[in-house]
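So, here's a batch of structures to check.
In the two complexes below, chain A is the common chain; its partner is chain B in one and chain C in the other.
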Partner chain A sequence: MERDLTLLIPEIIILLTVVFALVAEMLRLPRIALTVCIFGLLLATVQTLPMLGADTSVFGGTFRIDTLSVWAKLILLPATVLSLLLARAELAGTDREGTVYVLVCLVSLASVLLAGVGDTMVLVLGILLSGLGSFALVAYPRNDFATEAAMKFFVFASVTTSVMIFGLSYWFGGSGSTLLSELSRLESSPSVAVIGLMAVIIGLGYKASLVPFHFWAPDAYEGAPVSIAAYLSVVPKIGAILAFAQVVRDIPMITNWPLIIAVVAVLTMTYGYLAALVQRNVVRLLAYSSVAQAGYFLLGVVAVGASPLALQSLIVFSAAYAAMNLGAFAMVMLIGRTIETFKGVGREKPLLAVAMVIFLLSLVGIPPLAGFVGKFLLFGAAIEAGFLWLTVVAILNSVLSLAVYLRIMVPMYQQSSRNGELSTTESTPFITTVWIIALLFTIGIGVSAQLLLGNIN
Partner chain B sequence: MNLIAVAILAPLSATLLIMLLRKQPAGLALLGAAIGLFGSLGLLANTFNGLSEEIILPGLPGMPLRLVATPLTALLSTLVAVVCTLVMVYAVGYMKNDKEKVRFFATLLLFAAAMQTLVLAGDWILLLSAWELIGLSSYLLIGFWYRKPGVKSAATRAFLVTRSADLGLYVAVFILIANAGSSDIATTLNTSGGPAIAAGILLLVAAMGKSAQTPLHDWLQRAMAGPTPVSALLHSATLVAAGAILLIRTAPMLPPETLLVIGIVGGVTTVVTGLIALGESDLKRMLAASTSSQYGLMLIAVGAGVPMAALLHLIAHAAIKSSLFLGAGVFQHSRDSTMLKQLQGVGRNHPKIFFGFALAALALAGIPPLSGFFSKDAIIAAALSSDHIVVLLPFALAGTLLTGGYMARALQILWQKNGTSQPVSGLAWMGAGLGGLVLLAVILGAAFPGLEALLEPVLNIRLTESNITQFIPEILGLSAALGGLLLGWFIPVKRLLGPLLPWTNRGFAIAGGFDNLMVRPALAIAHRCEKLERFLYESVLATGRLGLKLGQLVRRNDDQGIDGFIFSFVRGTINLGAKARTLQSGLIHKELAISTVASALLLVFMFITLLVY
Partner chain C sequence: MYPLISITIFLPLLGALLVLFMRKSPAPAVHAIGIITSGLTLLGAIMMWSRGVSETGFAQLEQIDWMPSIGAAYRVGVDGISLPLVLLSALLFFVTFIYSAKVRKQPHAFVALMLLLETASIGVFTALDGILFYVFFEVSLVSMYFMIAQWGHEDRQRAALMFFIYTFLGSLPLLLAILGLYLGSDPHTFDMRVWISDPPLEGVAAMLALIAMLITFAVKTPVFPFHTWLPAAHVQAPAAGSVILAGVMLKFGTYGIVRFALQMTPDAFRDAGLVILTFGVVAALYGAFAALAQSDLKRLIAYTSINHMGYIIVGVAIAALATDPAIRAVALDGSVLQMVSHGLVTGALFMLVGMIQDRAHTREMDQFGGLLKVVPILGWSFVLAAFASLGLPGLAHFPAEFQIFLATLQVEPAAIIVILGIVITAGLYLRAIAQVFLGEVGEKWTPKTMPDLNYRELLALSPLLILTIVVGIAPAWVLDIIHKTTAAIQF
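Showing the complex of A and B:
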């Protein structure tokens, strides 16, 4: 018990942080709540560092402390801190501002739980916890758009989660245990294993916004504050993807799960970029782009167990995706939500434009940026696992993605259509800090991937 | 301080300084050339003392870029530096009234630096780069007066002809490196057998382009459109020399089969271009044709297996031909033309210049004790000692005879009759440059034994074979040269009189016979040759046109075929995107229905795979 609790210190710190922040919010001290959250999350990150290289589990195998879950904490918690800074810049002074920070921390806790999931019940717990916090965050502006988006999000989540719980009961019935590690007992009853797998795909598919369970995402991102959209597109999504990797590890190969996931990956990448191609709203465009990027993540999930590169590629791409996506959303906060507002930014704010171009090129996967390294490793993992065709489809989609992101890049260097100054949001030090850190990581991960890889093993 | 670096970097940094400062181009150019000259002389002195220098720069993996100073490369470097410096002195006067001195001197120095790199290169990759650089800078120099009609096309022609022949060098280098596994020139010289024959022939092709050998000789004459110092530098000692230098350096590797081909190419060139020179009506173009002819003689020597003779003639020719060009430049300024008809009697207006010109001309013809005599002798001796004496000796003698012929004709026209000249500015500078070169042309012969001793271990071939009687080559060479001079001097007199009195009715039967037998056919052959080369150029042009047509065809195909395909593909993709958006109706029940149907399909797919596998 004592050992288990020691290993759970980061999670416990986050929980305590949430409690203290809630108290501060009740006292109407949002700045204190923010400070508590940031320090709590950073403390939890630091406490995770000694666990690098661990490969064990706690509470009878229900929660895993392994490469994936440790790195998930190291990536997701700092990403949460950056999201909090963005949220502060956008929402400072609004009513009950502190609840946002509390909810964000709670959702991060759920995401971290998902990344170390070792038991179907923890999976359900994580998805529910992460969902509940997310609905409230989307509905925070309390206008029609936000409320409708949150409502839609909620309905979608309820349906998919209940289907998932229903499907998971088959696994319990077949294996006699809720532990993922006991799934190998289903070797002899493949149809039971398949129904459970479908349930997981539906439940985690909604959380990671995979096609065809992504419908809530663009509306929710558009209705929510931009900073919340940035957060939702990064932290809960990565948590769900890593949960996917944890679950499929133990599913018997007889179900052919890699092929099924490969099909979902193709659907997700292709549909995401095709839909992004016709968006006029940059937030929606980035929403669809993050749908498509989830498809790339699946290349790593497909290779889990078959290629030693799989876990490394998932981790590196998680870090890269967090940096570049947060950076791109920060730029949207500074410049505006429609493509029209991006016109002429290259002349008026050359620094911002260059940073945005770097984030977008990284999202495409152009060397030597972080996105390239991540995708390169993902492709390598998929090829090693025997999914050459999937890699080819992914590369073709990268070409398509260039067209998508060029729709933002090109207007930036066109003649501005508006008269007078750029009506950007006041460039607060918080947003500046975030995009500079994101930029450093986007370039740094790309340049020093070798270093990172050495540490993951 | 590394002397190799000095030899190359001095002219190069002078180029940069001139381009940056845009002031005092002439002074900076002289300074750069002079410092480079000191570097080269230092290298030569060091190699005399048995020291060799090498710089290794990082290049391709396993193939570093090398610069080496062996006796051969140091000697060539010195030759280039000396001619460069003297031509630069001359150019100060020649370009006195030109407005674009900055561009002129900068390009000239760039060329000099590239040429130094070429001769000092110790590996094929660097040599290839330098080869390309001299091609480029010569293009810029020939086209210097690009506003004049015809100049641009002359520059382009020179560039294209040498460029297409350069392909030979590329393939040859590829063969050599692939075969030896190293890009070091010294290592690749151990190549033998089939690769050596193939590489040798391909190197010959490259050399034929740069050294203007038949049938690729026409570009050189057209390149006379450039300023005269450019002609003196490029077309005597450097650009055209690159071809011969290439063959001299690779001579130890060349197998006998290739040597014979080289000898025949040289022989044909020396006769054909000699005849062209004889029939030429423009002084500079005559000198250009003569250059091709002299390089033909050098190729004969290489073909005879005595690259040393070729090298000696290369050195002598460099000094002689630059002197001739520089003299021609003065005459050009004096009469504003290079046509022989306009230049009649110009020698009387500039007796000192003419004296230098004449000395150089006699040296070229091979009159003792001028330098050309010794080098021509060496070539004739080489031809005599060769296994293919029957083929090479007649060519060598014919070349010598023709040299005498056209040089005498030129001297005669320049000296006889009177014409009016205009004053020439910058004569002092031009005279100084010319004087230095003529001096070299006269006395260089004395240095030859020393050079032979220096280079013998490098080229590893003895100049004179013991089985040849000492005086045979001298007698043969001298008689051919004198015969040529006499013919050249007297026949044109007859021809000038010809229009006044039909030659058949005159009593000079022998002379007329000579005229009839030799000059007319020679001119006819010269005209034929010109036609042939016209034809060749027409074919080159036709090939070019065909290429353009093909290109247009391909482009049209692109526009309609591939581009069309891409456009329709893009349109299709965008339409698909629009469809994807309509799926996103915003109505939650519809979306959930889609999700359900899709999951049902996925489930069916799962069960199918379950059954299949």
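Showing the complex of A and C:
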């Protein structure tokens, strides 16, 4: 028991952070709530560092402390801090601002929980916890758009989660246990294993916004504050993808799960970019782009167990994705939500334009940026697992993605149609900090990926 | 021994950063930094040349661990195939900086991008690691995109986009091939030296990798029918961009065909040799015929590039088909020398067209006439470069094309039909010279509207023209270096 609690220190710290921040919010001290959250998350990150290299589990195997879950904390918690800074810049002074910080921390806790999932019940818990927080975050502006988006999100989540719980009951019935590690007992009953797998794909597919369970994402991102969209597109998504990797590891090969997931990956990448191609609103464009990026993540999930590159690629791409996506959203906060507003930015704000170009090129996967290293490893993992065709599809989609991101890049270097100065959001120091950090990581991960790779065993 | 190659690669990058940090300084100072940095880079390339190459494999190796977990490292080095191209790139960038010292539109960004492009170009030729090569390859693409999109002519956005999408699409198969070579090698490594000395793939896998690589490099070279981006990009690119695009970046394609396709999947290359040869012949003839149909001077030169690159493909294919090592070496010598010659000659031609356009604001050949009387230095320079381009003996292309044709006759005599290309280019250049530089002087063109070359332009142009003659008359100093490697190539 004591050992288990020691290993759970980071999670416990986050939980305490949430409690203290909530108290601060009740006292109407949002800045204190923010400080507590940032401090708590950073402390939890630091407390995770000694666990690097661990490969164990706690509470009877229900929660895993392994490469994936440790790295998930090291990536998602700092990404949450950056999101909090963005949220502060956007929402400072609004009513009940502190609740946003509290909910963000709570959703991060759920995401971290998902990344270390070892039991179907923890899976359900993680998805519910993360969902509840997310609905409230999306609805925060309390206007028609936000309310409608949150409502859609809620209904969608309720249905998919119920289906998942229903499907998981088959696994429980077949293996006699809720533990994922006991799933190998389903070797002899493939139909039960497949039903459960489908259920997990639906449940986690909604969380990670995989096609065809992505419908909520563009509406939710558009209705929510931009900083919340940035957060939702990064932290809960990565948490869900890593949970996917944790679950499939134990599913018997007889279900041919890699093929099923490969098909989902193809759908997700292709549909995501095709839909992004016709968006006029940059937030929606980035929403569809993040749907497509989830498809790339699945290349790593497909290769779990078959290629030693799989875990490395998932972790490196998670870090890369977090940096570049947060950076791109920070730019949207600074510049504007429609493609029109991006016109002429290259001339008026050359530094912002260069940074945005770097984020977008990294999302395309152009070397030597972070996105390239991540995708390169993902491709390598998929090929090694025998999915050359999937890699070819992913590479073709990279071309499609270029067309998507060029729709933002090209206007930046055209003549501006806007009269007068570029209107930038107030309280930019926070956003500036975020995009500079994101930029450093986007370039840094590309050049010094070994720092990550060397520590992933 | 200090790391000369790395210094040469990253010196321009350092210059680019310096330029970005002095955003307030006036344009001349920025251009001065560009010229000085590229001059020092040229010096570095010359010192690399003096260190020479080795007869076995690569010389002047420099290596630092980068991602040891996956066998990727920062590895650079040169051999007889890459060293001449490094020197050529450094020289072309240097003269281009001198030539474009007049650019007043966003000079900081221009110089920084050009310097970034220089780092990428020299990096492509010296990289000995699959990932590193790909990194430089793509960085060059991005910088050239912005070069065309920002400083190009009227329809630049579309041309830049076409260039970017085309070559990005083209470069992705290479990524697959690199991954294939990586997963095929045992232990897994991205070391190109290992891939060359012990080709990791065989059979169907090798053929697939070869096809992937050929697609990438055929787009870059470009080979018919993957060439459609080239005329558009060239016509819209600024003169400096055209010089670099034709002089340096087209060589990425041909260099890649030798370095990757030929050396890493030699057996598959030999099996596909006749097909590749056919593509080369068709490209060379198509380029010549298409050039014949142009009325725009810049477009015309762009199409002759396709013709000249076709000869290189022919040479490499002949080298693969040849059974006699001596003939193989002759074919490869010719191909590599052709890359150098084309860089010098076409670089000069694009620069000259740029100079004409600066003065006349048009490139339509029928707008001109008798320019030789108005601008004798510019005119004679163009005549010299044009004669070099059509393969006149005593000028740079002759020794290269001669060796390629010689080897072709011995290995696959039917392919000698490609020599028709020479006749056609001769015809089209003579027609262009007659139309633009001979005959009656148009009324528009007086010494006032059309001044002769100034000091700066002369300075930029003369190194290329002098080297065109030197390489034509005495190619031995380049060929010796090339031959050291080509004579030792085993496959």
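Rule of thumb we're sticking to: the second predicted complex is superposed on the first by the 456 of 457 C-alpha atoms of A that agree within 3 Å, B and C clash if a C-alpha of one lies under 4 Å from a C-alpha of the other, contacts with A are read in each partner's own complex, and residues count from 1 in each chain.
To be clear about the criterion, contacts are C-beta pairs under 8 Å (C-beta built on N, C-alpha and C of every residue); 3 or more make two chains touch, one makes a residue touch a chain.
The model shown is predicted, which means the values in this text are computed figures rather than measured ones.
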Query raised in the report: Counting only touches as set out at the top, which of chain B and chain C does A:440 meet: first, second, both, neither?
Result: neither
Report task. Using the superposition on chain A described above, determine whether A:361 touches chain B (first), chain C (second), both, or neither. Result -> second
Query raised in the report: When the two structures are overlaid on chain A, which partner does A:156 contact: first (chain B), second (chain C), both, or neither?
Result: first
Query raised in the report: First (chain B), second (chain C), both or neither: which does A:309 touch?
Result: second
Query raised in the report: Regarding the shared-chain residue A:256, is it in contact with chain B (first), chain C (second), both, or neither?
Result: first
Query raised in the report: After lining up the shared chain so the two structures overlap, which partner does A:399 touch, if you call chain B first and chain C second: first, second, both or neither?
Result: second
**Report entry** Touched partner set for A:450, first chain B, second chain C, both or neither
**Finding:** second
Query raised in the report: With the two structures laid over each other on chain A, which partner does A:49 touch: chain B (first), chain C (second), both, or neither?
Result: neither
Report summary line: Footprint intersection on chain A (chain B / chain C) at 403
Query - Touching residues on chain C, where the partner in the complex is chain A - result: 65-70, 109, 131, 134-135, 138-139, 141-142, 146, 149-150, 157, 161, 164-165, 168-169, 172-173, 175-176, 179-180, 182-183
Report summary line: Note: in the complex, chain B contacts chain A through residues 570, 573-574, 576-578, 580-581, 584, 586, 588, 591-592, 594-595, 598-599, 602-603, 605-607, 609-610, 613
Query raised in the report: Can you list the residues on chain A that touch chain C in the complex?
Result: 309, 312, 350, 361, 366-368, 372, 376-377, 379-380, 383-384, 391-392, 395-396, 398-399, 402-403, 406, 410, 413-414, 449-450, 453-454, 456
Query raised in the report: What part of chain A is in contact with chain B in the complex they form?
Result: 152, 155-156, 159-160, 163, 190-191, 194-195, 197-198, 201-202, 211-213, 215, 218-219, 254-256, 259-260, 263-264, 271, 274-279, 400, 403
